[in-house]
Amino acid sequence: MKACKRIEIVIEHPLAPRLAKLLSDLGVPGYTMIDGASGAGDRGTRRADELTGVSANSVFIIACDDESLVKEIIEGIRPMLSTSGGICLVSDAHWVKH
Amino acid sequence: MDSLFLTNLTSPPLLFFLLGVAAVLVRSDLDIPDQVAKFLSLYLLFAIGFKGGVAIAESDLNLIVARDLLLATALSALMPLYVFQLLRKHFSVADAAAAAATYGSISAVTFVTATSYLDAVQVSWSGYMVASMALMESPAIIVGLIVYYRTASAGDTGRDTNLREILHESTTNGSVFLIVGSLIIGWLVGPQGYAQVKVFVQELFVGVLCLFLLDMGLVAARRVQDISGGRQMIGRLLLWGLLLPVINAALALALVTALNISVGDGVLLVVLAASASYIAVPAAMRLALPEANPSIYLSMSLGITFPFNLIIGIPLYHQLLAWLA
Amino acid sequence: MDSLFLTNLTSPPLLFFLLGVAAVLVRSDLDIPDQVAKFLSLYLLFAIGFKGGVAIAESDLNLIVARDLLLATALSALMPLYVFQLLRKHFSVADAAAAAATYGSISAVTFVTATSYLDAVQVSWSGYMVASMALMESPAIIVGLIVYYRTASAGDTGRDTNLREILHESTTNGSVFLIVGSLIIGWLVGPQGYAQVKVFVQELFVGVLCLFLLDMGLVAARRVQDISGGRQMIGRLLLWGLLLPVINAALALALVTALNISVGDGVLLVVLAASASYIAVPAAMRLALPEANPSIYLSMSLGITFPFNLIIGIPLYHQLLAWLA
Amino acid sequence: MKACKRIEIVIEHPLAPRLAKLLSDLGVPGYTMIDGASGAGDRGTRRADELTGVSANSVFIIACDDESLVKEIIEGIRPMLSTSGGICLVSDAHWVKH
Amino acid sequence: MDSLFLTNLTSPPLLFFLLGVAAVLVRSDLDIPDQVAKFLSLYLLFAIGFKGGVAIAESDLNLIVARDLLLATALSALMPLYVFQLLRKHFSVADAAAAAATYGSISAVTFVTATSYLDAVQVSWSGYMVASMALMESPAIIVGLIVYYRTASAGDTGRDTNLREILHESTTNGSVFLIVGSLIIGWLVGPQGYAQVKVFVQELFVGVLCLFLLDMGLVAARRVQDISGGRQMIGRLLLWGLLLPVINAALALALVTALNISVGDGVLLVVLAASASYIAVPAAMRLALPEANPSIYLSMSLGITFPFNLIIGIPLYHQLLAWLA
Amino acid sequence: MKACKRIEIVIEHPLAPRLAKLLSDLGVPGYTMIDGASGAGDRGTRRADELTGVSANSVFIIACDDESLVKEIIEGIRPMLSTSGGICLVSDAHWVKH
């Protein structure tokens, strides 16, 4: 097992393709995305019940064992979060390398 | 006059819309799964586009058609200009611009419901009105954004704005794409191809519309309940959510009468002008204008204008046009 | 007699139910996506409600109708009382109460399958039986909970029980709401409104029922496989899952014969009495009586009683009523 | 980045609206909800294949940087978990404040 | 000759497939929700199986039928053998084996589209061809795996390989199960049972196929875009994705001509041989042969062979058979 | 609250039933599964848009307070991850026991 960071990002669904592109441009080792989440925050209630998904959230999970890349990811998504809302949590984890 | 309102109020689709609203009011847990709701809307776009295309294939396109399509496009580009001016005193620049784009654009479901209303009261309409609808989806987005960038101070817009990207978003939105694509395919295959899908496209239409409007009733009522910001904000949204469709309808009505457009097509054009987008525009705005608050423009268009047009607007515009004709 | 069972066994919907069961037995990965399954059930409720409402609009409501509706409601309130007494020796108080509510209430899909069976064997039935069904969904929930609170010791129920909330849950459940709403809309729009949705509501009905019962076969068989607790528990669930529908059917049969209700309506009333809820009641029970174990009442109603009624019950009740008539 | 707690709750779907109400009554800064999860635990297998969602689970994620609020949330959901099952995990994380 | 291609190119289902491809090319966000797409495919399998079963019930089964079913099964077991030999020089053993299974097996949607094409050009075909299709789904999986285990060195396969499990996976795959089940049910209920679901099964078929192929266009185009590995890999996939269907079709064509099979049935058999699985086989391969890279066999079958058969293959095989007949 | 490990596994959808069986064979106290996730990793992009779910991922979350069981789980899934891809993250958490 290798120490790594687990980054979890909640962002509105329309921005998910942009975030995915940003991540692959940054060269992350991989990511997992769960769609159709709902939620609440500073900008009110967000429901996954609309036709466009404008009101739905997407949850991204990224495992990353490269500290400098973690910083780049965080700096990369900060502007997205400040204009469009959402959250980003970073925590410690161990990665079972096979 | 009453009879038109009554006919509308006793049409199954509208009653199911009201049933959806009622379900939210009594806090029922009735719910249409979101993927299914999305599919119902794809079906409606597919069906109306296909039907419209076949109707075009069967008619002969002429200068009048070209004029009407141009008129629709121009309306959609024009409306955001004055809507923005009207709203900017009451909302932030970004919110006013987003709402201007929303009201300049159209609601496909309102259009679809209007066609089903016209079919029920047996007023004929032209297939190329579907093309008008498709043409009216995107221009308002571009105009709304241009207006925003011209008004907002330099500091506000200091991010990577990319007009090409915005143009792309606004013209390749899934719902615009499907309706235009279905229209072209309907046109290409004509009545012969239509025969293969007629039951699917025609006979299921009103039934699917009922279930879809049931969902819209749920969604619209929830949005109204989610409105936050106190009495003053609610009053403001209510006011403009009712005023804007009336203003836009009035302009379109004047044009329709001046140009002697038939009652059926006229009703549809007025409905398009009066309706506000809650699919294509909000999706584009979240990307191009994220600082605009969706709970303002979505609440207005989905929670107030949409029900207004459905319940009162459609028969009202029809009545007025019948009088003026 | 055999011919009725045979007719039932060769009806497409039932065969698809069995196909679903078979898929689970051979461990196929066949699966109907859950959102789609939910939609199919919404469609069935919409269609049966709408049809029932239109049928009511076409008939004249009279005292007999009022009597039958009252009878259905009374049955639904009565059945939980003795079901609870029968079960409390073998299950915990909470489980017995939840099962009592489950068996007092009804299964809309069993009802719908019975109407499709009657249509296939060409026995007519009245549209207001749909109203009977709707009326039978909720009373059993209330009675089941009252029985629970009267029996359970003070300590057990020391949480925020709120009768108003429970009443609310049981009457605004999505499936109850949709069926009642569709019924009222069907009634309001009558045959004229019906014409607009006839193909959707009528011609697709059996096909959708096939796919839905395919899913029910999958779900029911999985629930049976999930039963845990050893042989004794399985035996107990099997016993009561078969006994309760028979007992409830017997009571309803006696009433139907005594009151001289027509064969078609009689079959439906008996089916309603014999059927057990697996939508409205479990949803309400998880909120109002969370200490009851859903794997008991759901396994019984969905895994045992539902297949029993579908395969044997419906033609059996029909046969008995035909003899008694 | 600000230290915070990440609270993760798995609860049966019919209770999700109650939990959402509880959270907003407690004044949490926000939450994210993922619907349609399945699972297994003391009360057997739960499948997201039923019409009512009676057997489905909902996953809530809450980021909270107010220790006393974290305690209130935990105490608030404890009775729900004990009558209806489910789990609640609390872990350390860092919140990227924008 | 052109007229057949033109008929095919102006059939609504194919045009919607192309619309889906176009949506990906212009980067539209058009999307069919995945659960709905899965349901549309279940509907198509249900409908074609049911129709096939009813057709069998109406015809009399004889030796010719038995011969044709045997032929289809044998083809499906034979094709992987030479496909594997052809591919193993260019791909890893696992990838070659997985692709061999993929091309030995069939694509139900290609078959369904071919039946809809034959209906449109009014060429009749036999219901038991649906049984041929069902029989051709699984054998190739088994043969592909046997070939793999015989070729791969001992070290490579040192994991818990379980032939019984593989046999189970390949014969109980959901799509195989549904089509076989629907076929049997259609056979059992015959024309009488069919009457109850006719509108659902028959009249909606082409419409649903349109929406489903729209989704297939989206999915296939995305898969092509996801191909990684540089120019050389793309060239290789393109080459074999076009060559394999042509080779398999040529073999089937020879057999069809030699055995004097009717044009309609012949077209379907050739289409089955030429088509490659992207449902049953990939699902089985991920479990039985996880070291094979799905982006190779899925990209080839879904991204290249599927569009090729749809656009060019079907009318081409028809044309050739018409000449040879 | 009791200290525990939070194990998070992303695995391709067709393997989900196998993983679930493995977990119950190992005797885990419970697990939660979220279906229909998409993602990217060494093996390229995985989209939840296909008919078979061959390209979709499933996310498993397991809370486990028995250290030796945690080890068994990790060793049990390692071969799955190496032949079929995916990730496994282990982190510290606290379990609200009710």
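By letter and in written order, the chains are A, B, C, D, E and F; residue numbering begins at 1 in each of them.
Everything that follows uses one rule, which is that contacts are C-beta pairs under 8 Å (C-beta built on N, C-alpha and C of every residue); 3 or more make two chains touch, one makes a residue touch a chain.
Nothing here was measured: the structure is a model prediction, and the numbers come from that model.
**Student:** Would you mind checking the shortest number of contact hops between subunit D and subunit E?
**Tutor:** 2
**Student:** Out of curiosity, which chains are bumping into both subunit D and subunit F?
**Tutor:** Touching subunit D and subunit F alike, sorted by label: A.
**Student:** Look at the interfaces C-D and C-E and say which one is made up of more C-beta pairs in contact.
**Tutor:** More contacting C-beta pairs are found at C-E.
**Student:** Compute the centre of every chain as the mean of its C-alpha atoms, then state which one is farthest from the centre of subunit D.
**Tutor:** Ranked by distance of C-alpha centres from subunit D, the top chain is E.
**Student:** With chain centres set to the mean of the C-alpha atoms, which chain is at the far end from subunit A?
**Tutor:** Checked the centroid distances; the maximum from subunit A is C.
**Student:** Report the inter-centroid distance (CA atoms only) between subunit E and subunit F in whole Å.
**Tutor:** Computed from C-alpha means, the inter-chain centre distance equals 33 Å.
**Student:** Provide the C-alpha centroid distance between subunit A and subunit C, rounded to the nearest whole angstrom.
**Tutor:** One centre to the other, that is 44 Å.
**Student:** Using CA atom averages as chain centres, what separation in Å is found between subunit B and subunit E?
**Tutor:** Roughly 41 Å separates the two chain centres.
**Student:** Could you state the distance in Å from the CA-based centre of subunit A to that of subunit F?
**Tutor:** Here the centre of subunit F sits 19 Å away from the centre of subunit A.
**Student:** At which residue positions does subunit A touch at least two other chains?
**Tutor:** Touching at least two other chains: 34, 36, 48, 79, 91-92.
**Student:** Give me the residues of subunit E that touch two or more other chains.
**Tutor:** Subunit E, residues with two or more chain partners: 29, 31, 33-36, 38, 199, 203-204, 283.
**Student:** Output every touching chain pair, sorted by label.
**Tutor:** Going through each pair of chains, those in contact are A-B, A-D, A-F, B-C, B-E, C-D, C-E, D-F, E-F.
**Student:** Taking the touch rule as given, give the residues of subunit F at its contact with subunit A in the complex, in rising order.
**Tutor:** Against subunit A, the touching part of subunit F is residues 8, 10, 34, 36-42, 48, 57, 59, 74, 77-79, 81-82, 87-92.
**Student:** Considering only the defined contacts, which subunit A positions touch subunit B in the complex?
**Tutor:** So the residues of subunit A in touch with subunit B come to 12, 14-15, 18, 36, 43-45, 47-56, 79, 83-84.
**Student:** Quick check on the complex: what are the subunit D residues that touch subunit A?
**Tutor:** 1, 4, 6, 20, 23-24, 29-36, 61, 63, 91-96, 98
**Student:** With touch defined as at the start, can you tell me which subunit B residues reach subunit E in the complex?
**Tutor:** Against subunit E, subunit B makes touches at 33-36, 38-39, 42-43, 46, 50, 168, 172-175, 177-178, 181-182, 185, 188-189, 193, 196-197, 199-201, 203-204, 283.
**Student:** For subunit C, which residues count as touching subunit D in their complex?
**Tutor:** For subunit C paired with subunit D, touching residues are 31, 34, 37-38, 41, 159, 218-219, 222, 226, 228, 278-280, 282-283, 286-287, 290-291, 293-295, 298.
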